[in-house]
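Letters A, B and C name the chains as they come in the text, with residue numbers starting at 1 for each one.
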């Protein structure tokens, strides 16, 4: 990460942190919370799906576990941050429990295997906890949107930081080697399973935290809703459209996604999924680098003409 | 509870036939093109709405609507191949499967959203005049419509088997599945065999959808569930044998019925998924081998 | 084009002119020129990696050459899809036989006559194949996996002959077969040639190949290093080197 990038990032976070003091509109804050949570979720998916190249279609399970544990502990009186940490820990524990088995699967088989895992969890939770979870009246009375906003901002920043660190680390390089050619990585002595599990731990810890923030943010929802495949699908869409395996991709993708979703929702519910479904296919087929690639190309165009190589 | 088992088994067998039919199309496409179309369930959903529309707008009997839905989904399959899946067949196998999975994923989302726009998110089923008819056999109740669906599913599987063994292009499709390069060297236009296989797979999905809409119910979000059912059946039955796939569907139907009786109705789905994951992990490479 | 063949009785059936080809960054063929006349058996010799299989992949349309031209009966084959090349009368028996595991002997022969022109001659071709390999008639209902290696090779050759080819290309037909079986398979090639089919033979077994072929080419590192009749080539130092390829490389 360049010095300019760090400076820009810090400035952006400081600016965003001051938004609740300046803007007192709930709709704007809600929109930003949604965007920040989407960034966190997509960025956490990006670690295993983008950097390590393992398309995890069961990501919602970890988001859901984080939400479930956080919600339960928090409503029982645990401080929310502690509850979220516990939620992340449970998500990681589940990841370690199934990761060894799931990573025996490669490519598309990993994808459908994790999809099945996610569904197993969703259905089981739906069966065991069929009741809607609503905050007690006392919590609703003291509900502060700004707190939720800062929490979401913190987790989104954490996820971006994690990926920024990962991209330059030995772990990140190892993951990219696995993505390019798993057999070759194994042959050159990269401990493939260990690296994949490490990536999964970071990814699911962040997903668990994002789930915790979701549980802290929403006033009422069905517990199984947080396990729904749409959370995974959102993460996959956002990451691919933004630029899979890049730092900026999930951020860019999330902003674009939530903007279009909210804009279209005014007139047509779910219509954004039609657009994003088509866009996603187009990106897989024609533009594997996503929006980030478009942005890079656009920026290089005028500069390339003016100063070929300074 | 165990007293209910025989009745549950009958219902399990009846829906198992549809699982088999749903899996046959996905299995054909995967076996021949090495393309994993995770939008298969959404194609089933479209077939179901095709029948629903024909019934609601023109009063066409759902079983008769197969005559229209099958050719329409054949054409749809050819279009989807040309527009989407045909692009990935030039990659080597691992990339091909992964990219096809992603394309199928995007297609599934788009079709789901489109269905919500066209038909709303409500659950629907086709209620014909004979919808409630049942036959009593040895104290067991057999819904007539579901029995007819099973028979039609079996007939379609038989027709597929005949196509793949007797028809010139059917044999070409099998040759392309075994070894596409050798098939090319035999003078077979492999691209054309691929289009045909994909179109056939899509029309099998469409036909399955019609049967689902008449004996059961459809909504825009049934796609994922049916894709998973088809995948589970393929894992159980392997690739390559048409009747084997059908039998795999029946096995899944029965397994679900047993688990629903033993663990309670809500766990019907979980058992199949657990079997799927365990078998998948136990045979990570040889899974879809013939 | 029959007219041009009549006008130039020595005009080649197959002309490979300056063909270069590569797999990714690796140049596998550079500037290969050779020809084959109607009725000939031509052997293609060379050590592993010399480019024999690459050249065959170019001729049969599986690989597009980067430069040069391949002319068949006067018309270019470059860019013609592989299945259409079969229809034009070139059939390949690929290395390793490449049979369809899920199919019977009969189904292989039936598929062999898939191209429209071959289908018209299906019955006659089938009689011919059964005359050449009677065992294929006896075991027609069996899956190919139940056959011996030699019999599987017969199915592969039979499948190619069902395409009613004017040129039969064989890539290492003796690979992995017992010496006696090799002898009988190679013996059959002379028989097939006498029925009017030209043959391009890639073979490691240089003695046998040169004994059978009218002419031969030596490929080395992606180019033609020698050409001539069988006997003349056996005395050529290039041939000796190609023949002793691995040993020469070691010294």
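In the analysis below, a contact is a pair of C-beta atoms (placed from the backbone, for glycine too) under 8 Å apart; a residue touches a chain by one contact, two chains touch by 3 or more.
Just so it is clear, the model here is predicted, and its values are computed rather than measured.
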Innermost chain by mean C-alpha position: B
Identity of the chain that, by mean CA position, is farthest from chain B: C
Separation of mean Cα positions, chain B and chain A [Å, integer]: 32
Chain B and chain C: spacing of chain centres that average the CA atoms, whole Å: 43
Whole-Å gap between the CA centroids of chain A and chain C: 56
Residue list for chain B, restricted to those that touch at least two other chains: none
Residues of chain B defined as touching chain C within the complex: 168, 171-172, 174-175, 177-179, 181-190, 240, 290
Interface residues, chain B side, partner chain A - complex: 36, 38, 84, 87, 94, 97-103, 105-114, 116-117, 224, 228, 231, 264, 266-267, 269-270, 273-274, 276-277, 280-281, 284, 287
Residue ranges of chain A in contact with chain B within the complex: 55, 101-102, 104-109, 111-113, 115-117, 119-120, 123-124, 126-127, 229, 233, 236-237, 240, 268-274, 276-281, 284-285
Residues of chain C touching chain B in the complex: 60-62, 81-84, 86-87, 91-92, 94, 98-103, 107, 110-112, 114-115, 118, 159-160, 163
